[in-house]
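In the two complexes that follow, chain A is the common piece, with chain B as its partner first and chain C second.
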Partner chain A sequence: MTYDFVEPVVFALLSIGLIAGGVAVVMLSRITAAALLMAFTFLSMAGMFVLLGAETIALFQVLIYVGAITVLILYGVMFTKFSDRPRALFFQRQTPFAAVFVAAVAIPVAIIALSFTSPTPRPGGGDLIPLATSVFTDFAFPFEIASVLLLAAMIGAIVLTKRDEPEEAAARRRR
Partner chain B sequence: MPVGPFGIDPLIWAPLRLVIAVGLALFLVLNGALLQIYLERKIQAIIQDRLGPYHVGPFGLLQTFADALKLISKEDVRAAATDGWFFVAAPALVFCPMLASWVVLPFAQDIVGANLNVGLLYLTTLGSMTVLGIVIAGWASNNKYALVGGLRSAGQLISYEIPQILALVSVTLVVGSLSMIDITRSQAGPFVNVLVLPFSFVIYFIAALAETNRTPFDLPEAESELVAGWLTEYSGMRWGTMLALSEYGNVTVVCAIITTLWFGGWQGPGVDAIPLLGVLWFTLKVYGFIVVMMWIRATLPRLRIDQLMSFCWKGLIPMALVNIVVVAVLALAFPTTKIPIAIASWLLLAVFVAGIPVVQRRRLRALRARARAATAPAARAAS
Partner chain C sequence: MTVPLGAYVVVSAALFFIGCAGVLVRRNAVVILMCVELMLNAANLALVAFSRKYGSIDERGSVFVIFVFVIAAAEVAVGLAIVLSAYRNRPVVDVDEIHQMKG
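Coming up: the complex of A and B.
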């Protein structure tokens, strides 16, 4: 008796969690529940990465998406009133467009996924040192571009949300 | 048929090992929390010239057991307006990452749950997940004190995570590994990492105090100002799980990280002869740092939230970045010796310690001048 069946079972559980979580995020109208389920989806995704032997990616997935992005989304939810306007007024009229877009994305993905033959597995592919080396040598340019983009977004956010100093605002009012 | 350890079928052994590990970690967390609450009370009592608990059991040793029994037997109160499942889920979301991080703590040479090659990253990741539970708790309580407390707490935790991680990076640069076991092994002999990297240790220790909500950074649960912040609506064992177990568990985890990274982990005299002695050394070092944290709690007053944030963003993060640059350059320039890094790190520490009062005095002077300028026209108008 061999134990090869364990991995497909874990994979199946994770995929069910991933897909069900993703569907629930879209379908639920309670936005905090959606945010929490999104964290769950990210965790299932991290489990997938662990299954593929990429622990580092899995940990970064949890660190960034669960620890930072979900918390940011919850922050955003808490600072917004969501009862002011009727929900989903805008999105519900877009069914035909949505169907076209979903088809445009889903059909190529399905074709690629079905015709995909996995390359020979390279052990240690998720290892930290090769990952770091490739980020800072082969992919240095994309990495820097992403960093500059994030920096620009950060500075933009600060500029947009910065309030004037109280004295300055008072001085302007007096003028 | 494959046979695992102790002649047990590996298919049974793998889940069994998980159950044993979780049970052991739970046992350690529960008893550690009881012991640390007792220690905290006694140490604060000694520092403040009081007696502390002494009625229940010898030296009041059973006081925390009695308190725990009281907490467990308390009625499970939930306000009607709280947000159902979230309110129940939040304590678990705070507790589980803490429990999971015990997996990689190296208690002794071979006594470790899992020797992950990214162990340090794993600990950081789990530390960042606590914020989610705190925000959810604040939201689900449906109470303005809890909500504000939760948001403030999340802001503090997210901010102090940055210097914490940056301080860890410099250790990894010197050691060249993220595995807790390898980091401990690299510090054989008396030359532990704190002699090489004292500055990153100080940064990490300050940030860790904030991460575990210890004084002087215990704003998230400031009883006197925020009616205990995000914990307002919680009582009984939910409160116990979130505050007592998770906080003291996190303190232990953080102190274990400090011990492993900067103070040689389980290593100590006589470990090579009797490997089990490592558990003793590790525990002693960890509890040494826990006692230091309690000593700080009994000594220092609480910071204000703006002081807390400006200290992190204007003080700790820039210095941590400078530290990383210096350590990385020196590690590349002198790959064979650690002495230049040690000299640079001690110098940085001296600059940091000497610089804080200078900067603080200048800031205060500027603030005072601004306040005077703001009130002067009003005073003239009134007269």
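Coming up: the complex of A and C.
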């Protein structure tokens, strides 16, 4: 007995998880539930990467997306106050135009995507060594630029969310 | 029996357009950020799929995924900071309502 059927079955389950999670993020009115379902979508995507044989990317996916970005978004949800609203109010006014636009772009992309045929599959195996070799040889300069970008983003986020000093002093005086 | 490349591309395109629709139709700024993350993740799936199925031995496509991770982390940090500072001025998070900078 062979286990060839396992890969398509896992792929189908992960695809259902991805699409259902994505649709739920767009359609749900409760923001906290949407954020947690986004984390579920990211986890399914990590499973997809494992299925493709890219274990290192899956590891980074879990660390950065499921760990960091979801926590950051949840903090954003907690710092801003929402009330659940009827469906007509949490969608924007341009919804029909958006539907037309997305359909107009999605249909050609779907036709192109469905026309891809798979080449001969490559043997699997770890992707850490080729990935690290590429990052630290050919892509060393973009890697350093990315670190500068992260530093700039970190300082920018701190500056943007920092309270103004005079405002704080005025608030203290009022008290 | 392996999963063909086209199937991965179809899933990636579907998730991308779900995220795109979310960015276009939702009002809440935090949900718009989440949908942008969905779109970036869908693009990552396409990059990894092409890299694993077509690519040469050195995994060039997956390197771009690493950079997308970095950009996504920076983007969501700065985006949430902007949302929070706008929220502090006026407690609304609907992008329709935020129009202080409108001329």
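Here, the second predicted complex is superposed on the first by the 129 of 175 C-alpha atoms of A that agree within 3 Å, B and C clash if a C-alpha of one lies under 4 Å from a C-alpha of the other, contacts with A are read in each partner's own complex, and residues count from 1 in each chain.
In this section, a residue touches a chain if its C-beta (ideal position, glycine included) is under 8 Å from a C-beta of that chain, and two chains touch if they have at least 3 such contacts.
On a predicted model such as this, the values are computed, not experimentally measured, just so you know.
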item: Touched partner set for A:Asp127, first chain B, second chain C, both or neither; value: both
item: Touching partner for A:Gly67 - first (chain B), second (chain C), both, neither; value: first
item: Which of chain B and chain C A:Ala20 touches, first, second, both or neither; value: neither
item: First (chain B), second (chain C), both or neither touched by A:Glu55; value: first
item: Contacts of A:Thr95 with chain B and chain C, given as first, second, both or neither; value: second
item: Touched partner set for A:Leu36, first chain B, second chain C, both or neither; value: first
item: Chain B versus chain C as contact partner of A:Val105, first or second or both or neither; value: second
item: First, second, both or neither for A:Gly76, with chain B first and chain C second; value: second
item: Greater chain A contact set [chain C / chain B]; value: C
item: Where chain A meets both chain C and chain B, residue numbers; value: 56, 60, 68, 75, 127
item: Parts of chain A lying in touch with chain B, wherever the complex brings them together; value: 1, 3, 6, 32-33, 36, 39, 55-56, 59-60, 62-63, 66-68, 70-71, 74-75, 78, 127-128, 166-167
item: Interfacial residue positions of chain B with respect to chain A in the complex; value: 1-2, 10-11, 83, 86, 89, 116-118, 121-122, 124-125, 128-129, 131-132, 135-136, 139, 147, 151, 154, 158, 161, 178, 370, 373-374
item: Sites on chain C touched by chain A in the complex; value: 1-15, 17-22, 24-28, 30-31, 33-35, 37-38, 41, 44-45, 48-49, 51-54, 57-60, 62-63, 65-67, 69-78, 80-85, 87-88, 91, 93, 95-96
item: Contacting residues of chain A [partner chain C, same complex]; value: 4-5, 7-8, 11, 15, 18-19, 22-23, 25-26, 31, 34-35, 38, 41-42, 45, 48-49, 51-54, 56-57, 60-61, 64-65, 68-69, 72-73, 75-77, 79-82, 89-95, 98-99, 101-102, 105-106, 109-110, 113-119, 121-122, 127, 130-131, 133-135, 138-139, 142, 146, 149-150, 152-154, 156-158, 160-161, 163
